[in-house]
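You will see chain A twice below: alongside chain B first, and alongside chain C after that.
The block that comes next holds the complex of A and B.
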């Protein structure tokens, strides 16, 4: 099970990746859409955990770009923004259950990753 | 007072303290008063005018009719009396011409003539023949008047002059009112004789009594001294002095108005030619005018009721309409307050969402770092003195500092909401505002620039209001721009007493017609997209409160530039400058 974490907050993605790794989930990270797409050129991931709001290319656009290259990849969205409009937009893309608001609970994230894989 | 408190309309005591310089437009009591006065004036003035004109015309017409009737009555009666006397004079003339002087001296012949006169004309009581010396040498009648000499009497002298005579009414020796008619007959040789007859005035009285006089009227004869010649209904019996002034001579029938014992009278009179009589018809004006007075009273009642009804309707309608306006205005103010409140809440919501996003990211990092420390302690046992833990702790501290900065900025905003004028650095304020919007600019790849001229002094202003002004303007610019736009803020000092701040964006721009209306309340081009149309009008009001002005230039498709002009020292409120808008 390979997970790709994408968030412009480097401190967040690195720590999150390490925690997942500690729990036996192979996680790699990227701090921008460009970096994430570069990684996809060499390897594939089962699940991508994407921040919705990112400079230049946001999570929604990045999802489309990843889907074009790896149609089997499952997606989980993460956002720090609490507006209902933002939530509705994101939830309509990946489903209400796979749209998480920061800060995350690691157990919840792992459970969602597993759920996503079984979809 | 109690009734008044029940019927008093809601707007009566209304005072709109916040109405501002156009307060008079919201003075509903004044609107109501103007409405009542104008409507009542327009409705009642023609009615009252027409009724006054009609009243006047009708009164004049009735008075003219009374005068005409009186005049006609007097004329007709005068003709009857003249005819009565002329008839008797003619009879005497006929006798005179038909009989010789010696024949008239014969008592049997004279008695036969008197009998014929009584039968033919009536009213004759005696007849006598008087020679040129004034001696009555023949007489037929109820008294012994033969041999009386009339040469010194006035009537005798009058007959000598005019050839005929009609006497005033007098009692004479018989103590009965009567009058005398005499005609002179000239004889050959320069002598003459006079034929003289007495006429009972009862015939006269009957003649006048037969005439019907309207208006409780009175018809009688007086002589030139005002002594009644026939009995009067109101002024006494024959030969008594009439209390009214004797009317002056007129050769035609004349009507005038006078008063007797406070009673207005209409008097018609005519001097009867060749007699000492004046025929007078006296009518009581009140009685004559009674039908008119009754009609007038009805008219006045009708007018009073009409005016009262019209006034009640006007009062009712005006009160209803002004109440409706008051209610509508009340609703408008309520709606305005609600919109303002909704706008505030929307701003607060947007601010909260922004703050949550800003804080949630560092919180997520704290969360993960703390979680990792926990993980390391629980999942790995060999991290007793690992330098990595130190790094994690530093990361936590750093993230906490980030949160603190955000909350400090937030508190900075909140603290200045009710602040008073203070010396401040405008550039600092701009950076504070941009601090909130910087992340959005980063996400949307919007280039921000702030250019400041070197000689910008600290200005006396209100920090909270300035923050709101810049937040509104920059938010508007962000809304107008696509991702990748450019927002340039320039601060300069065009005049010694003023600084300028220009917020220029590369957005969609504002069309010429819209440009003229952007500062109007409720004008919005974002209808249905969450725009309330109050943002720029509130901004405009805030700038005015700070004693400044705002101008805007815009070109569709190129961008918009708002230029604020703010005083270095704040003027007292109410002396703000006006805005100007120009298309570009």
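The block that comes next holds the complex of A and C.
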């Protein structure tokens, strides 16, 4: 399975990609929507893990742009929102099952990636 | 706390927005530290299975954790300064320091909007006596307008200068001012301005927004 991680926190996505790769998940990363869309010109991904809040183009808009190019890609959203109210608000927008809060637990992320692939 | 009575909803909204933004930034710091610690764990597990540890890789991970701790410390320091800004009704404020705090507090909002913030440090430092929280609240609303008026990919320049009867704070390079015109300044800004006896003026000629504050502005 091939996963694209998109978050404007470069240290976060690079380290997370390395950890996923160590676990046999082929992960690549981008730090902006523009960079992510550039990657999609030459390759496709089974799952995209998107930060909800990013400069210029947020995760929700990026999802639509990726879907136009790669309709088969599945999505997981990640957020830095801290409270349960924030979680409920965000989860209602993107779906509770595929909405994770930072800091991430890698086992949970991998389980969600596998679940997303079976959707 | 009487100085806060008149600003009601605006003050609470301001405090809430800043707190949410700060908590978001701190979550990101923790998330990066979490991944670095996780990778250290992974490398140790692999070392246990016979794969040698790379000291250079370990050093880079330790450096990144230290970087994030410095970042977190800076966020908490300005958060603390912001929290204490509501303590006093009237204190002497170095306006350039206050602009520095405003830029730190607004950096996430600016980044989300693709706007850069720069402080013009070419003029002399100027100090004025007023309510720091109410002034920050007013300046944040002005900056919110200034970022919309500058537009994505642009820079807003902030500066402070002494005037004959006080001090002036400026938001410059608002190239998209005409398109952003309309409801600014509105009642929240008016109410904050009255609380500080400040005057808010938009100048389409020079593409700037100025806030004039009365009082004994003291230059260096």
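A few notes on this one:
Just so it is clear, the second predicted complex is superposed on the first by the 108 of 119 C-alpha atoms of A that agree within 3 Å, B and C clash if a C-alpha of one lies under 4 Å from a C-alpha of the other, contacts with A are read in each partner's own complex, and residues count from 1 in each chain.
In the analysis below, a residue touches a chain if its C-beta (ideal position, glycine included) is under 8 Å from a C-beta of that chain, and two chains touch if they have at least 3 such contacts.
Only a predicted model underlies this, so the values are computations on that prediction, with no experimental measurement involved.
Once the two complexes are laid over each other on the shared chain, residue contacts for A:9 go to chain B and to chain C alike. Look at A:118: by the touch rule set out above, it reaches neither chain B nor chain C. Shared-chain residue A:22: touches chain B and chain C both. Applying the stated contact rule after C-alpha superposition, one finds that A:41 touches neither chain B nor chain C. Applying the stated touch rule to the two superposed structures, the overlap between the chain B and chain C interfaces on chain A comprises residues 9, 11-12, 15-16, 18-19, 22, 53-56, 80-82, 86, 101-104, 106.
Looking at the complex, you find that chain C touches chain A at residues 20, 23-25, 27-28, 30-36, 38-39, 42, 46, 64, 67-68, 111-114, 152. Contact residues on chain A toward chain C in their complex (touch as defined above): 8-9, 11-12, 15-16, 18-19, 22, 53-56, 80-82, 86, 101-104, 106. Every residue of chain B that touches chain A in the complex is listed here, in rising order: 349, 352-353, 356-361, 363-369, 371-372, 375-376, 379-380, 392, 395, 398-399, 442-443, 445. Those residues of chain A whose C-beta lies close enough to touch chain B in the complex are 9, 11-12, 15-16, 18-19, 22-23, 53-56, 58, 79-83, 86, 101-104, 106.
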